[in-house]
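Take a look at this one; I'll ask things after.
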Amino acid sequence: MWKFIVRRLFITAPQIVLLSVLVFLMAQMMPGDALSGLIDPNIDPQAIEQQREKLGLNNPWYVQYKDWVVSALQGDLGQSFRFKMPVTDLVEQRLINTFWLSLATLIITYLIAIPLGITSGRFNDTLRDQIITGYTYIGFATPLFIFALVMLWLFGFHFQWFPTSGSVAPGSEAGSLSYVISKLHHLLLPAISMALITTVNTVQYLRSEIIDTKQKDFIITARAKGASESRVYNRHILRNSLLPIAAFFGYEITGLIGGTVFVEFIYSYPGMGLLFMDSILQRDYSVVTSVVLLFGIASILGALLSDIILSLIDPRIRIK
Amino acid sequence: MILLINQILNVSNLTTSFRIKDDYYAAVDNVSLQVFKNEVLAIVGESGSGKSALAFSIMGLHTRAKMEGNIYFKGEDLVNLSPAKINKMRGKDMAMIFQDPLTALNPLMTIGEQIGEALLLHNKAITKKSRYEQVIKLLQLVGIARPKYTYNQFPHELSGGMRQRVIIAIAISNSPELLIADEPTTALDVTIQAQILDLIRELKNEMQAGIILITHDLGVVAEMADRIAVMYAGEMVEVADVHTLFENPLHPYTRSLLNSVPNSKQKQDRLHVIQGVVPSLQNLPRTGCRFAHRIPWVTETAHEKMPQMHEVEPQHYVRCTCYKHFDFLEKNKEDHKHGIS
Amino acid sequence: MDSKHAYVEETQEQMRSVKSPSGISIMWRELVRDKVALFSLIFLILITTFVYGISLFLSQEEIVTVDLFAIHEPPSSEYWLGTDYGGRDIFGQLIIGTRNSLSIGILVTLMTGLIGIIYGLVSGYYGGTIDNMLMRIVDFFMILPFLMVIIVFVAIVPKYTILSFSLIMTAFLWMGIARLIRSKALQERELDYAQASRTLGSSHLKIMFTQVLPNLSSLIIVTMTLNLAANIGLESGLSFLGFGFPESTPSLGTLLGYARNPQTLEFRWWVWVPAAVLIFILMLSVRNVGEALKRATDARQRRG
Amino acid sequence: MEFLEVKNLKVHFPIRGGLFNRKIDAVKAVDDVSFQMEEGKTYGLVGESGSGKTTIGRAIVGLNKITAGKIFFEGKDLASAKNKSIRKDIQMIFQDPYSSLNPKKRVLDIVAEPIRNYESLTRKEEKQKVQDLMERVGLSAEAILKYPHEFSGGQRQRIGVARAIALKPKLIIADEPVSALDVSVQAQVLNFMQDIQKDLNLTYLFISHDLGIVKHMCDQIGIMYKGRYVESGKKEDIFTNPQHIYTKRLIAAIPDIDPRNRDFQKNHRRDVQKMYDQSYHEYFDKEGLAYHLQHISESHQVALPHRKVD
């Protein structure tokens, strides 16, 4: 198993390097540079040129890349010209918000997916299954952003059960109970909206996984031993079907990232996704590249996590 | 003469049908058979003959089949027994060995867990320690060299022969009275096959169990069986004890089968060929002699309209009267004339 | 009775017993049997003909021209579905938008399909080191936060057109089908028929495209159909965010984008609800067809 | 000149592992095997799963890369590039009649595939040829527009044979050609293979794990174990005078079709097994592999260490 994990890490390292190169190249292609925001017609162009030289902006690209990587490793992701502050500081609070939103979404996703998937797979082709399958059909056909819009319209504006923007009520004091409740209140509608749509994937996957496992020979062996129907399900079918779901966990992160862009944008929830959208609309490119880099690393680590989970729970990989 | 008191299983007029599209088709059609203590009853037939469907019917493992008739076992009729009661008997009083040792074990559970489960299911009070000891004992019994090591192994770490031993260990864990072995050696090499068959035979003698051995391999039958039931197209066509059947096979299908195997004893240039193919479930002839279309040179009048099992000599049963008119020589002459390949 | 005769009879017997037609006709049969899917298919055909037909008589330029005298008009006999903030007719935009969304969805599906099929086929058929290398590339693309990357590219590409938009989408969406085709090709190449072709003197290229590819056809059809639904959704999502079609080229997403304004979302439903409903029905229908095809290819899930 | 000569053939498959997935070891699927075949005869290659018998067959038709050694067909080296055209003289029949025919192709296209690769015929000539081949294997000529799934297992195997003989090959590698078929169908295919052998003067390399069938079909037999030969000789040599303990054990394991011999078989098998366990080290080297073959008669070779041969 250790060999597997170490070998897997050997794949991860070049992925991160490749990602950084891609993000760096993207940054290079973007119009303007670190000084563009400061351009003021009153400043002598020669002084700007000197400044450029000093910042290393005239160096060949690989030297610039090296400088960029080194400073990124030290936690320096550049300056946001819009907010006039270091990107790292800007990102911190947003990252925390997005983390909570993602966590809530994941929890709701699995809370929905596991019981529905199991019911649907176990009682396939019954009325219950047809209702659940109908839900997955509709879920698959509904783009997240439309669903989120409708939810916002309905529960935010029409019924006014939930706030329609922000991550916490203004004026709440950090750490107080009302602060926590307000946070939850802000986060619930976006999280539910996202979870209801993203979960259909897992429901359908679990369903077909269970139907598949049901037809395996070792299930007949279990029945022939005298195992009752519930035992066959709990000990044999679920154990074997939930394994790929568990392994899928890390990959969910990649999916969530796309979702947060839409959901945070629609609910004006101040997380990384909204930051990304604001920055790209305002052409605040150092922030854009940082967000892409961070999300890229997050999904690389997610994929790594998935494979490690798989290697931990599947004896066919574990014992090698 | 076998005493009735030794009878452990009595299947009478069993019909098992599967639903295809909107109709039911009988894969096992009006089959009756008995199994006695400490005997091996071999059920022989080619693929599609219904022999595995019969085994699954007895074990109650069909999930979506319609079963009619009776299966008497331990004073109960399995056909009408509730699932919970069948569960109590399955794995305890009757057990099964499967064909493919590669897929019949749960890939995520250790060997020890899987055998232990069989013990636990029929003895809830068993302590962990005694369960472990019993599993080790079972592993030793089926000839696993390092039982304590194998206890913690997973199926993918074992060879095919070893896995089949584990499956046998599961089957015999509760000393069943009836053991059904469904093509237990088809997936194995000959030398392993010989070992597994020896093992099954030894275990039978030890446990005094009745064994139903399902196979298409006549060599295996000749070595293992006490009695033989030949199945064709869902029906029993001939039942007899092993010596009678090999010395005096009567039904044309039985005779054809025996003659189509390369025989190590007598020199044959050509093997006997049965014309045509086993019809699929939906296309089984449902009236008259089901084998008739494969022996077209036997006249129609030679067959019965409603073929019955006839006891031609004590304990030797043959279906349909066409056996009286079936002649290999005639068939061969025909072939010769037309240069059949 | 001579031998030939016997065998002919045998063949006829078999004909009657195993009447399982080839993949495509199973798919068709399943589709026709599944009432919902059939209805979806008919709906799709109708709406496609309608949208492409009507748009021949509509001028995109006329529709997207701002009319300051008719801003935010509710539905009326003149403007069936009202107007937007620029006084543009929603109904006209809906027709043109549906056409544009469908077009780009189909285009991207075909392009990603072409790349993915060839890439996956080569990777899976050759296997070994080639496969290993090609799949590492796919792995890398798979973990990219592709939505963001697409948005960034859309934002920085200097001459932004429909073609460059679809190329950008294609560049980050071909991996899924490549992976799928690859894993199936990996199985197929091990089958004896592919091996047999080698012994009969067929070249690798010939085996790949004339022997293996036909066996992937059902998988390809199913995947491409499901991808089409996903691509329509993704395009409208990008347009919604403002990074899809340019505003002069309306898409269903553009109309929904107006709902980013809370006023429009809350009070002017006619601007965005029709587009939302249409996207939903379009995706649902395409997926219904796709799922029915998928069931047809999976014998165990086939109905009846 | 031998019809087919396999000389010191080795086929190794790399085992990859370790951190960098480098080649760390090799499975020696075929490990230094030599044998010759006579024209017009059937040579049986016997062994249990993993013995390397299939790999040899696949190496001869070019499906497996040769690690070392040579294969000569009518004196010509098969590996040499200029001898590519002789590939069409060597064809193969596969084990699984279901997967060996492309399910998406009509029988016409399946049987015509080799013809299209090596001969340029018009559509009409090609169709005629395929129809002739179909009748040759006992199927109706009208069936050429059908798909494989419309045929039974035995019929499919005949289509496989029709395809294999389309180029009038001299040698046919038959890899377990009947092991996937029912007993009665087995007989059909075996009889038929013997018929076309006579008609077309074919040579068979018959690969099988079933000694009963090999005995029925073959003139010469080679027994393999873990990639090496343990014994080879005429059918009579192997069956009436087996010398290697492995061969003896293999033969003893064949179930006897006569129930009267049951007890004899059982005891015999136990005795052989005992002998096998006792004398294992005399017959196998330290790695558990067979020694090199030694002649014990003109036709009969056994893998024994030098000291065993007097």
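We call the chains A, B, C and D, going by the order they appear; numbering starts again at 1 in every chain.
Basically, a contact is a pair of C-beta atoms (placed from the backbone, for glycine too) under 8 Å apart; a residue touches a chain by one contact, two chains touch by 3 or more.
Labels paired with UniProt names: C = ABC transporter permease.
As the structure is a prediction and not an experimental result, all values here were calculated from the model.
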Seminar exercise, completed: Touching both chain A and chain D we find B, C
Problem set entry | Most central chain, Cα average position | C
For this session: Name the chain pair with more contacting C-beta pairs, choosing from A-C and A-B.
Result: A-C
For this session: Return the distance between the CA-based centres of chain A and chain C (ABC transporter permease), expressed in whole Å.
Result: 24
Exercise. If you average the Cα atoms of chain A and of chain B to get two centres, how far apart are those centres in Å?
Worked result: 55
Seminar exercise, completed: Between the Cα centroids of chain C (ABC transporter permease) and chain D the separation in whole angstrom comes to 48
For this session: Indicate the whole-number Å distance between the mean C-alpha point of chain B and the mean C-alpha point of chain D.
Result: 31
Problem set entry | Interface hub residues of chain B, defined as touching at least two other chains | 277, 341
Exercise. Mind pulling the chain D residues that touch 2 or more other chains?
Worked result: 138, 152
Problem set entry | Contacts with 2+ other chains: residues of chain A | none
Seminar exercise, completed: Within their complex, chain A touches chain B through residues 216-218, 220-229, 231, 235-236, 239-240, 243, 314-316, 319
Seminar exercise, completed: Residue positions on chain A within touch of chain C (ABC transporter permease) in the complex are 11, 15, 18-19, 22, 26, 29-31, 137-138, 140-146, 149-150, 152-153, 157-158, 164, 211, 215, 254, 257-258, 261-262, 265-266, 276-277, 280-281, 288, 291-292, 295-296, 299-300, 302-303
Exercise. Contact residues on chain D for chain C (ABC transporter permease) in the complex?
Worked result: 61-63, 87-88, 90-92, 94-96, 99-105, 113-114, 117-118, 135, 138-140, 142-143, 146-147, 149-152, 155, 160, 163
Problem set entry | chain D-touching residues of chain B, taken from the complex the two chains share | 46-47, 189-191, 193-194, 197-198, 216-220, 222-223, 225, 242-243, 246, 256-258, 260-265, 268, 270-274, 277-278, 341
Seminar exercise, completed: In the complex, the residues of chain B that touch chain A are 59, 61, 83-84, 87-92, 95-96, 98, 100, 103-109, 114, 117-118, 121-122, 154, 156-157, 167, 170-171
